[in-house]
Amino acid sequence: MHDTIIRRGLLAGAVALTATVVLYGCATTRADDPEIAARASAMMKASFKERGQAKLDRLNQDETQRLCSEYAGRTLPASVVDKIQKENLATVKYPADGKLVGDWKSGERIAQSGQGFQYSDDPSRPAGANCYACHQLAPQELSYGTIGPSLYQFGKLRGYTDETRRYAWAKIYNAEAFNACSNMPRFGHHGILTEQQIRDVVALLTDPASPVNQ
Amino acid sequence: MADPMKIRANATGDSTEVKVLMSHEMETGQRKDSQGKTIPAWFIQNVTVTHGDKVVLAAQWGPAIAKNPFLSFKFKGGAKGDKVKITWTDNHNDTRTDEVVIA
Amino acid sequence: MDSRRRQALKSGGGLTLATLLVAAGWLKPGDAAAADAWNKSAFETKSLDDTMKALGGGTPATSKDIAFFSTPDIAENGAVVPIGITSSVPKTESIAILVEKNPNMLAAVFDIPAGTEPSLSTRIKMGQTSNVVALVKADGKYYVASKEIKVTLGGCGG
Amino acid sequence: MQPVKRRALAATCAIVAALLAGAAGISGVALAQSTADEIQKYRDALQDGNPAELWEARGEELWKTPRGPKKVSFASCDLGLGAGVVKGAYAHLPRYFADAQRVMDLETRLVWCMVNQQGMTQAEATKNAFGNGSERRSDIEALVAYVTSQSRGITMNVALDEPHVRDMYALGEKMFFFRGGPHDFACATCHGEDGKRIRLQDLPNLTKTEGAQKAYTTWPAYRVSQGELRTFQWRLNDCFRQQRFPELVFGSDASIALTAYLAGRANGAKYDGPAIKR
């Protein structure tokens, strides 16, 4: 299997040689060649194997993933931003009972836990959201990441309103609805968190009693 | 079978600095394996460092010493060319001795 | 790797460390008992008081003459926490490291013979944020100093 | 990504947070800084004795010992600079090997020598690619520790002008930005911006020369969290696990392509491994 891919790769490489010699001077800029993208995708499918809950279909990209990969490192055209945000906003489901706020203590546990969906994880255990990996939340936790903005005093700064909570809900449910190609996982859309778990994280962010808002 | 230690001994004037790395699991006896079975404790209990026939450091360790232990200290009276010998013994009564020439 | 030496050691595996050392002529018989000891009861203690009892000492006095060096306030990983301890208490005979919140408090005891500097560094495990206690025995008396080390959760959380 | 909007939002948050913290008598910024300083102290304190040396010593022994059904040592293994030459070899890898008709990284090449020269089966050679304590020790990790230690101080120089390597580099670059899985993660999610960290760990920006150089030249590394020496193949394998992808096959083309991309981006920097890391 490897051989075919290598041979195909070499052939394509040879054909593309003249072009790449010219391009080589800019090795630091990303190649946008769709042919390379197609070969990279095929190479990945041949280079991964399913393990536990992580099956090979995880390498099949949806439209958002495909577009965000294609435009990575470049400015997204406004039309692509609109398309991604519109399509993702349409996926957001609010709870049927209208209850947006759960238990912040449970939310804090979810924010601390990075368990879930790795092939090394037990699929019968609830997944976490691992918020602290990327965000500052409760100030007591010193070990927080900075890939996303600080969410310290999220509710206090925005007001403990229904509007704030609906925004928090939708953002957790599908971050691509507001920020095309955001680094944040689409926790509701991909079924990473349950409805109750999202409630609890919304509580962590918007309950006046939550340590995040102290 | 235990791997050799990595020992360095360097003399500056009258003082010899000894640094040693040991290859050992230092299993606490508190951890469980993937089947939920407790992994038995397995750790170095005694370390003795000698210069000639003089003990320059004797240690007793519990399982709270980190895996692949590191130890560093200084003693007086060593000279370049002398030998420093280190021996450890673990709770399985396995033991290992290595030596190094003071540089 | 010196496989012959390893072979020799293997064959001596049934002997105690002390007899090995004596046999090899590295220790005078009089020194052997000290080197061989492993104070089981001390390593099983859960509190400073119990550790002191097991080590045969009374209530230790807090001392400013014990210092931590190359010891961070925050450990990026509790599996390996560097600890350096220097005692300037005259006639220091031994230095012990204790971790208050570990399942067993005592991590290590180092006997410091005359001629060896009462200063050493090693690496310990910490299950959680805790006080680390340096316990020094000098001229038959016990002294302590302690330092809190925070243990953080790292990486992707996995 | 909408950089302007996001940055403005983040900046606003930071300013507001700082103002509030200031009013409460503590500076969140100062707190974060002191945490970073203390973590740096922790890392500095670990540099003094790196248990990777234990792997290097075992690897050197393995390199020199006749192994496999054919009882052949690695003295006949060509890492690219001639049979048995170890000094500086890692700084040129991955490279194209005509005898295997393939671009190979160090791990793949070691396996190739075990199979083609020492007579092992592929399965035997890759059985313990990643070790686990003394029960399941990895010869590959030890060999990699030894070989890489012999490139310490040598300038990274991957032959990006060689067509096969260049092709793999381009494929690796594509992979780096490939988003997928239930969490939408790509390598670039965590390693595409300056000055970011996950929890308290600084994340190198691998799209920038400086970040790629710093990261690549400090692998393999002794991971204190695992008490193991980990190779670059392991680093990639475990990144994809955390990306929620299926398992990256050891020595697969994708693993070599990504290595070629990152090693190539490290060109010009002095190799400085094996290192010690959290």
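Chains here go by letter, A, B, C and D, matching the order in which they are written, and residues are numbered from 1 within each.
The criterion applied here is as follows: contacts are C-beta pairs under 8 Å (C-beta built on N, C-alpha and C of every residue); 3 or more make two chains touch, one makes a residue touch a chain.
Keep in mind that what you see is a predicted model, and the values were worked out from it rather than measured.
Determine the chain that sits nearest the middle of the structure, using the mean of its CA atoms as its centre.
D
For subunit A and subunit B, let me know how many angstrom lie between their CA-based centres, rounded off.
Those two chain centres are 46 Å apart.
Using CA atom averages as chain centres, what separation in Å is found between subunit A and subunit D?
Here subunit A and subunit D have centroids separated by 23 Å.
How far is the middle of subunit C from the middle of subunit D, if each middle is the mean of its Cα atoms, in Å?
Going by mean C-alpha positions, subunit C sits 35 Å from subunit D.
Indicate the residues of subunit B shared as contacts by at least two other chains.
As it turns out, subunit B has residues touching two or more other chains at 3-4, 66-67, 70, 72.
Spell out, as numbers or ranges, the residues of subunit C touching 2 or more other chains.
1, 74, 79-80, 121, 123, 152-154, 156-158
Considering subunit D alone, which of its residues make contact with at least two other chains?
Residues 35, 48, 57-58, 198-200, 224, 227, 242.
Tell me, which pairs of chains are in touch?
A-C, A-D, B-C, B-D, C-D
Could you list, by residue number, the parts of subunit B that touch subunit C in their complex?
1-4, 15, 26, 28, 30, 45-46, 48, 50, 53-67, 69-77, 85, 87, 89, 93-97
Which of the residues in subunit C end up touching subunit A in this complex?
Per the stated touch rule, the residues are 74, 150, 152-154, 156-158.
Would you tell me which residues of subunit D are touching subunit B in their complex?
Counting only subunit D, the residues touching subunit B are 48-51, 53-54, 57-58, 133-134, 222, 224, 227.
What residues of subunit A sit close enough to touch subunit C in their complex?
112-115, 118, 120, 128, 130, 132-133, 142-143
Which residues of subunit C touch subunit D in the complex?
Counting only subunit C, the residues touching subunit D are 1, 70-77, 79-80, 82, 84, 121, 123, 152-158.
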